[in-house]
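Down below is the structure, laid out as structure tokens.
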Amino acid sequence: MQLDNLYQEVILDHYKHPQNKKLSPVFDAQVHHVNPSCGDEIDLNLTINDGVISNISWDGVGCSISQASVSILTELLIGKKIADAYSILDQFVALMQSKGAVPGDEYVLEDAIALAGVSKYPARIKCALLGWMAFKDASVQAQAKSKLD
Amino acid sequence: MTFDPLVIRKDFPIFDRKIRDGKRLVYLDSGATSQKPSVVIDAESNFYRNHNAAAHRGAHQLAEEATEALESARSVVADFLGGATDEIVFTKHSTEALNLLAYSIGDSPAGNVFHLKAGDEVVVSEMEHHANLIPWQQLAKRTGAVLKWFEVTPDGRLDLSDIESVITSRTKIVALTHQSNVLGTINPLAELVKRTHDVGAIFILDACQSVPHMPVSVAALDIDFLVFSGHKSVGPTGVGVLWGRASLLAELPPFLFGGSMIENVTMLDATWAPAPRKFEPGVPNMAQIVGLGVALNYLTKIGMQEIHNHENTITKYAISKLREIEKLKIIGPTDMKLRGGAVSFTLGEIHPHDLGQFLDNSGIAVRTGHHCAWPLTRKMGVAATTRASFYLYNTLEDIDDLADGVRDAQKYFA
Amino acid sequence: MTFDPLVIRKDFPIFDRKIRDGKRLVYLDSGATSQKPSVVIDAESNFYRNHNAAAHRGAHQLAEEATEALESARSVVADFLGGATDEIVFTKHSTEALNLLAYSIGDSPAGNVFHLKAGDEVVVSEMEHHANLIPWQQLAKRTGAVLKWFEVTPDGRLDLSDIESVITSRTKIVALTHQSNVLGTINPLAELVKRTHDVGAIFILDACQSVPHMPVSVAALDIDFLVFSGHKSVGPTGVGVLWGRASLLAELPPFLFGGSMIENVTMLDATWAPAPRKFEPGVPNMAQIVGLGVALNYLTKIGMQEIHNHENTITKYAISKLREIEKLKIIGPTDMKLRGGAVSFTLGEIHPHDLGQFLDNSGIAVRTGHHCAWPLTRKMGVAATTRASFYLYNTLEDIDDLADGVRDAQKYFA
Amino acid sequence: MQLDNLYQEVILDHYKHPQNKKLSPVFDAQVHHVNPSCGDEIDLNLTINDGVISNISWDGVGCSISQASVSILTELLIGKKIADAYSILDQFVALMQSKGAVPGDEYVLEDAIALAGVSKYPARIKCALLGWMAFKDASVQAQAKSKLD
């Protein structure tokens, strides 16, 4: 079934068993993002130590794609240097906007590669990106804060 | 002529195409936009091929023909609504028509029947589409008027229990939807219009979801303004209608300014042509207006009552089939006396986006989300719903496919 | 490919029809609206037949296709103008686009770059179309800003001799036409834009009569906003374009309020999506937008410079032929360096209405009257003019027929 | 030639030799009307004595149709009782709006019947009616004034 390209097992797994879906009480930055076209919402907390992402936690309502995507994101980015996280983010966004034209680098994107099928469903790209945009926003805020400290 | 959706479908070329690698198109998204019959598509093409020129702007034959085509469409719309020809203003869609009203009301000087001063009240409801909510929020901000609203009951009806405290002697405008695009609820207009006129206010009807689907007569409803969109009424995209009582249109200030809406123009000032012209500056969306005329004639020929009866049959069947599905919850009234052919529902933990995607994969087109009525979905306690909406070309088979699709989705995401 | 209007005419089905009992159609009214090639007509039909659904509003295949069609057209328009995709806002026509600017500017709060306070100045000219005059008159009334204007010289040019006293440090907005729809005059933008930016004001270009006829690059012109209409650019009726600098569109408040232009909505308030979405509420005029994309691609394929050269040839020929006619007076510059392909004239005592009617009887379509630029015709000292306006499908033979027709009319009404 | 139905000789005659085209200095009502779509203008002065139209004079710029029409109007209506003038006006308006479907009563409309061809050219109907609408307006004003006197 064509749909299985979109809903890969990895995605359904993350959807049913979302990782880090419990807001941690301590964080450097907290953001709330909404997808205005469908009403999906996410809260995301981020902690950065010495340029390394030490924690990402989240809560929210949304479709399997948005939930799985943020769950995968947390597994992928926690422990990474912030610069490396940005490079992964860029590759993920490029993959989403590729309309299925590029395969994506599995070595870099790991489980996130399972979301490649989303790029063929334009209306769902925003779902996949919701958590990533929240992360990006939070990281900017966290870094600005660390400069002030 | 007996009503047969299978015969009607033949008029709509889109049903000849296939979805997602060869599946039959089950189009259950007419609440968002309707499909178009060939006669409408051809009317637009024919206008361009044979009569295209700037209407009301030339003494040559093509301009005469374009003008004639435009003005006959206006009288078709007037007849369809039971209004007068000069009471029909063409816009690009209902959204523009509602904004026209809100801006023009906001521009009405003291002494004008539409003038709003701080403390005057404008009434809407919690079930309004954003197009019939945000323009009034903005009007309230510009004028200092107060925005009030009817709440929605848990079963999806307007709560009229406190009608006298919502519509009061301070009320100037009441703007309500005829049928909710999310819940399907049809509102009890008689009581609302009466109360509105009793307090001397003006009643504006958002008829986007009713005019395409049932007989609507502005005279019988005794309302003051009505808007609807061509694209939801088997007509072209890019055309909407504002109907207004002649006496009120005469008093309402214009909204968009430009060519052919004027009486006289100097560098510093201008005066206006009579309605409807004063509301229609610029070269009109002529081909679309002509197409809309043909669309309404098409609907009239089939019969608005017949269409309504058919949708009732379909909706009743859909509700009964959907209610059999475990965890499926219909958001809105299930009593057919209170509703039209838009059915929203949730399906346990399965997100509408996922359900919609799954159905799409089977060729079934539904809409998911807040349907541009976000305060309403919030009020109903849901983040989003899946909506199936019906029209003259839908069949009981479409409903069976929908119900089967929903069950399959349940298995898939289990 | 060499430019051949006889070949081009074959793309436009309307030239297959006859006028007034069998006469050849000599269409010299493209300044009012252009004719449409089959590819454009078919693009609209094809959208309805195969891809019709509410763009940006569904997760089903048709909605995806409709969205894709709409957004590709947006990037075609952006490329055509040399702007970015997100800088393109679709409206129903230029008139709406100019009103959007005037209303949104008028709604800008203090602190916003667009905010106007009493005493600020808005500059237009005496040669503006009503669509680029009355919205600014109204804006001035609403805000207490002062409307100022460039005068027009007897030979039909903008009088820039006092540019420094017209555009001053109090000027906030300068809104001018690129090419006069009456005189054909092309305005010297470089000087005007520079002066506008030097005083920190915003430059708005009414490009209705230029974008369809010559290469126009918003980047090269260094302007801030531009509007044009699809129907004058071999595109469908019912679609217009507002281009704006991204940074300015971001700051400009929205104009029409409704669905799909929002970020969040509660009963009392709303916040907006980023541009262009915040300016495009409601189900878009999708088929028309798609048609416009095809229209601009059609023009690009032929070549905007080639079209402009062709129109120059036609116009030069027309001016020389018309000047041979006794009592015929051209209203506007006759130097080809200063003008494009719209030629207005008077013919002694013969009223333009009568002349136009006579020409129509010979199959020749011209426009007569004040052409929605009444202050201009008054300034030029004429009650009305006859206007012949040219486009890619016109031929030298059309001009010969026009000149012959004018002479015949002279005999008829002698 | 088809056009000759529109531009009948009577019309061209009136156009070239307009009747009563010189505003009289005395009048009961004076009106100024404009055709906004083309800019044509007319001033019309009207005098009514004991319910009888004793004078109509005018000046203006306009096309042959509008000029001939008002010239014909003056010849037709001067000397008529106001009630009869209204009945002629009604018949003339009906003729103009007939799209060529009715011939018009020559006995009533006299020279104005020559304008019948206009009804087939919708854009010109306003030209033919300009003077008539000005007359109607002036007559209302004149009668209102006589009531006050």
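Letters A, B, C and D mark the chains as written, and numbering starts fresh at 1 in each.
We take it that a contact is a pair of C-beta atoms (placed from the backbone, for glycine too) under 8 Å apart; a residue touches a chain by one contact, two chains touch by 3 or more.
Treat the numbers as computed from the prediction; the structure is a model and nothing was measured.
A.B. asks: Which number of steps is the smallest that gets you from subunit A over to subunit D via touching chains?
C.D. replies: Tracing touching chains, the least step count from subunit A to subunit D comes to 2.
A.B. asks: With respect to inter-chain C-beta contacts, which pair, A-B or A-C, contains the greater number?
C.D. replies: Comparing A-B with A-C, the pair joined by more C-beta contacts is A-B.
A.B. asks: Report the inter-chain centroid distance for subunit A and subunit B in whole angstrom, where each centroid is the mean of the CA atoms.
C.D. replies: Measuring from centre to centre gives 38 Å for this pair.
A.B. asks: Rounded to a whole Å, what is the gap between the Cα centroids of subunit B and subunit D?
C.D. replies: 45
A.B. asks: Just give me the whole-number Å value for how far the CA centre of subunit B lies from that of subunit C.
C.D. replies: Centre-to-centre distance between subunit B and subunit C: 31 Å.
A.B. asks: Which residues belonging to subunit D are in contact with no fewer than two other chains?
C.D. replies: 37, 121, 124
A.B. asks: Multi-chain contacts only, two chains or more: what residues does subunit C have there?
C.D. replies: 20, 57-59, 63, 260, 262, 264, 353, 357, 368-369, 374, in rising order.
A.B. asks: What is the complete set of touching chain pairs?
C.D. replies: A-B, A-C, B-C, B-D, C-D
A.B. asks: Over in the complex, which subunit A residues touch subunit B? Could you list them?
C.D. replies: 1-3, 6-7, 12, 37-41, 61-66, 121, 124, 127
A.B. asks: Once bound in the complex, which stretches of subunit B touch subunit A?
C.D. replies: Touching subunit A: residues 20-21, 351-354, 357-358, 361, 368-370, 374, 377, 383-384, 412-413 of subunit B.
A.B. asks: Subunit A touches which residues of subunit C in the complex?
C.D. replies: 56-59, 63-64, 67-68, 260, 262-264, 273
A.B. asks: Help me check something: in the complex, which residues belonging to subunit A touch subunit C?
C.D. replies: 34, 36-37, 121-124
A.B. asks: Would you tell me which residues of subunit B are touching subunit C in their complex?
C.D. replies: Touch list, subunit B to subunit C: 13-14, 17, 19-20, 25, 27, 29, 32-33, 35-36, 40-42, 44-45, 48-50, 52-54, 57-63, 92-96, 98-99, 102-103, 107, 126, 129-131, 133-135, 137-138, 142, 147, 149, 229, 231-232, 236-239, 255-260, 262, 264-270, 281-288, 353, 356-357, 359-360, 364-369, 372, 374-375.
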